[in-house]
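Have a look at these structures, which come just after this line.
One chain, chain A, links the two complexes that follow: it is found with chain B in the first and with chain C in the second.
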Partner chain A sequence: MAATATRRDPEARGAGRVPGEPGTWVLVLGEMTLFLALFVAFLVGRADDPELFAAGTDRLEVGFGLADTAILLTSSLLVAAAVRLHRAGRPVPAARSAAAAGLCALLFVVSKAVEWAGHAGDGDGPTADPFWTLYYTVTGMHLLHVLVGSLGLVLLHRRVRRPTGGPGDRVVIEGAASYWHMVDLLWVLILPLVYLASA
Partner chain B sequence: MPRVDAIDHPQPRPGGDPAPPSPDDRPDGVLAATGPARRIERGSIWCGVAFTALFAVGFAIAGFIPPPAPTTPAQELARDVAAHADRMRAGVQVSWAAGVLFLPWIAVVSQVLRRIEGPGSIMARVQLGAGIGSTMLFVIPMLQLQAALLRPERSPEVTQAMQDLVWMPFVGSWAVPAAQCVAIAVAVLADPRPVPLLPRWVAYFNAWVALAYVPAIAMPFFHEGPLSWRGLLPWWLGAIAFFAWIVVMSAVLLRAPAARPATVAPAGRAS
Partner chain C sequence: MSGRGLRRAAIVWVALLALTVIGVAVGGEHGAASPATRVGVVVALTLGAAKAVAIALEFMELDVAPALLRRLVLGWIAVAWTAIVALYLAG
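Then we have the complex of A and B:
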C-alpha cells in the first residue's frame, strides 16, 4: 500500500473535503444499504410472527448486547483519539490508542463467540426457527464487518506509528477510521432492533 | 493540521520506489482512441451488458427468479418441471449461451488492468482467470439444469437431487466472482499515477460487491430464510450486486478517457 500512496486525488483536500477519499463513502454507504435490507428482513420476520420473536428476544442475554455496545463505543473513541494524536504529530500515543482499539475489536469477537456458543449449546442454533436464523444472520453479517474493519485498524496502526508521515497516510487512516465508526454505528442500530425490542 | 499539509505534498519515501514520471502532461486513458481496436473494445463492453440482459430474460422465461426453494418437496418440484418443462428448457438455453458474452467483457477489464499495472500485471491475470472461472460456474450448472429438466417422468427424488447440484454451485460459488472484484480493487488502488487511470471509487465499489457476495458462505446450512439459496442475501443481494457491478463497470469503461496514441501499442501496455 505504501508505494501506492502518491496519487490521492487533488480535489479531496481543503475545506470541502470528505474524510478518507470520496470512494471510501461509496463502500460505507453501500454497506449501510446492505444492512438496511437486513434490518427490514428482520422487521418483516417479526411482523410475521411477533410471539416467536418476543420469545426469542427474551432468551437473548441483554448483558452481552450492552457489553458489546460499550466495547465498540470505546473502540470508536480510541480510533478517533488515534487520528487526533496522529494529526498532532504524536506517533507513540497514537499507535497505542490504535492498538487498544484493535484489542477492543478482538474482545468483541470473543464476546460474540461466547454468546453464540451459549445459545447454540442451548439448542438455539441458526436453524432452530426464523428468529434464530435472523439473529445469527444479522449478528454474523455484523461480525464479518468487524473482521473487515479490524484489517483496516491494522493498516491504521501501521500508518500512525511512523514518526514521519508518508504519502497516502490520510486516505488510509481516515478511511479505516470511517469504516470502523460505521461498524460501531451499525451495532448501535442492531442493539435496540434485536436485543431490546420485544413488543 | 501540519501533518495533513505534509501529506498533501508527498516526498519520496526513503527506500521506496518513487513513481516514474509521466512522459506527457495530458492524463492518460485506458481505451483505444481510434480504429478497429476502439470498436472491438466498446463492442466487448456492450457484450457484458447484453450478457446480463439475456441472462435475466432467460431466467424470467424459465421462471427461476428466484429459483425453486430448497424446501420444495420432491413431488412438487417434479410436478412443476413436468408442467413447464419446455418453457424452462427454452429459458435456460437463452441464459447459458449468453454466458459466453461475458468473456469479451472480462477481456476488456483485463486489458484495462494491464494498462494500469504495466509489466507484471498480476491482478489483470487474476481478474481474467477468475472471470473465466465465473463463466464456467455459470455455464456448467445451467447445462446440468438442462439434464435435470430432460426427463420430467423420472423419480422425483432424482430430479430434486439434480436441482441441488445446480443451485448449490450456481448461487454458492461466491468466492470466484469475489476474487474478480478484489483483483480490480487492488489494481485500481495500486495505480501509481498522480491521476489514476480509473477513478479510485471504482476500487471501493468493487470491494463492496465482493463483500456483498460473502454471505453466500452460510448458504449450505440453511433450507429457508434469508441465507438459503433463494434468500435475501445469497440470491437477491448477490444478483443485485452482480447486475449493478456489470452496469457500473461498463459505464465507467465506456466513459473512460482514451489512451494517448503512443501507448496504444499492440501489446496494449502502458509504459
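Then we have the complex of A and C:
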C-alpha cells in the first residue's frame, strides 16, 4: 500500500507526516476558526442575558447531547479503523468500517432532527429568542459540517474498498478522515458549551 | 497489522466515552448559578478540551505529524478553551 510505504519512509517519519495534504489542514483550521467565532458569539449572547440562556439550557435535553457525542466518537473510531485497515491491505473490513461510520453519521442527523423538531414543536424555534437563535446557529452549522463530512465518508468508502490502491488514495482517504475527526472534535466542545455552560 | 494499530484507538475511544459521561455528570447540574455549578461547568469544559486533544493526537494522527501542524491544532484547542472558560466565568 502506498500509504504504508510513506509511513515507513524514514525521511517522512523523521519530518513528521501530514495526514492527507496541507490543503486539507488549511480547510480544517479555517473551519475551526469559524466555529471559535460562533462559540464566542454564543457566550457573548449569554453574557447579555444570563437568565434567558439559563432558562434555555434548562429546556435542552442533555440526553440528546450525550447520545450525539457517543455516536460521533464511535464514528471517529470507525473512520480511524477504516484508514488503518486500508493501510494493512484489508479492503473488506476497511469498507465495512467506513460504511458503519456512514450509518453513524445518518444516525446523528436523525437524532438532531428529532431534537430540533421537539423544540420547535414546543414553540422554541430559531427565532423564539436569542438563546434559541444561537443554539440553532451553532448546532446547525455543525450539522452542515456533518453533511459535508458525510460526503467525504462516501469518497473514503469508495477508496478503501478497492483491493489495490489507486493514485491519490492516501490524500483522499486521510483528507476525508481528518475532516470527519474535525467534526467530532468540534462537537466535544459544543456539548459542554451549549448543553451545560449556560447555567 | 502494519503501521498504526487499532488497539490504542479503541482504548482512546473508551476513555473518550468515559470522559463524556463524567463531564455531563459533573457539569450537568442546572439551576441557580452557584459556585459549585460553575466549577462543575469549568471541569466539563476542560474535559471537553482534553477530549479534543485526544481526538487530534490519536484519531487525526497528529502525534506523528509535523510539529507545526500539531501545534496549530493543539494551539487552537488551547485558545478555544481559554476563550470559552474566560467568557463563561465573566458572563
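As a working rule, the second predicted complex is superposed on the first by the 182 of 199 C-alpha atoms of A that agree within 3 Å, B and C clash if a C-alpha of one lies under 4 Å from a C-alpha of the other, contacts with A are read in each partner's own complex, and residues count from 1 in each chain.
Definition applied: a residue touches a chain if its C-beta (ideal position, glycine included) is under 8 Å from a C-beta of that chain, and two chains touch if they have at least 3 such contacts.
Since the structure is predicted, the reported quantities are computational estimates derived from the model, not experimental observations.
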Mind working out whether A:Arg87 is in touch with chain B, chain C, both or neither, as first, second, both or neither?
both
Between chain B (first) and chain C (second), which does A:Ala47 come into contact with in this model arrangement: first, second, both, or neither?
second
Which partner does A:Ser111 reach: the first (chain B), the second (chain C), both, or neither?
neither
Can A:Gly16 be said to touch chain B (first), chain C (second), both, or neither?
second
Between chain B and chain C, the one with more contact residues on chain A is chain C
Which of chain B and chain C A:Pro130 touches, first, second, both or neither
first
Between chain B and chain C, whom does A:Leu189 touch in the aligned arrangement: first, second, both, or neither?
second
Residue overlap on chain A between the chain B contact set and the chain C contact set?
3-4, 7-8, 13, 25, 87-89
Inside the complex, what are the residues of chain A that reach chain B?
1-9, 13, 21-27, 30-31, 34, 37-38, 41, 86-89, 126-127, 130, 133-134, 137, 140-141, 144-145, 148, 165-170
Could you please specify the touching residues of chain B with respect to chain A in the complex?
1-4, 6-8, 10-11, 13, 16-19, 189-196, 199-205, 207-208, 211-212, 214-215, 218, 221-227, 232-233, 237
For the complex, give me every residue of chain C touching chain A.
1-6, 9-10, 12-13, 16-17, 20-21, 23-24, 27-31, 33, 37, 40-41, 44-45, 47-49, 51-52, 55-56, 58-62, 64-67, 69-70, 72-73, 76-77, 79-80, 83-84, 87-88, 90-91
If we count contacts the way the header does, which residues on chain A are in touch with chain C in the complex?
3-4, 7-8, 13, 15-19, 25, 28-29, 32-33, 36, 39-40, 43-44, 46-47, 50, 54, 57-58, 62, 65-66, 69-70, 73-74, 76-77, 79-81, 84-85, 87-89, 174, 177-178, 181-182, 184-185, 188-189, 191-193, 195-197, 199
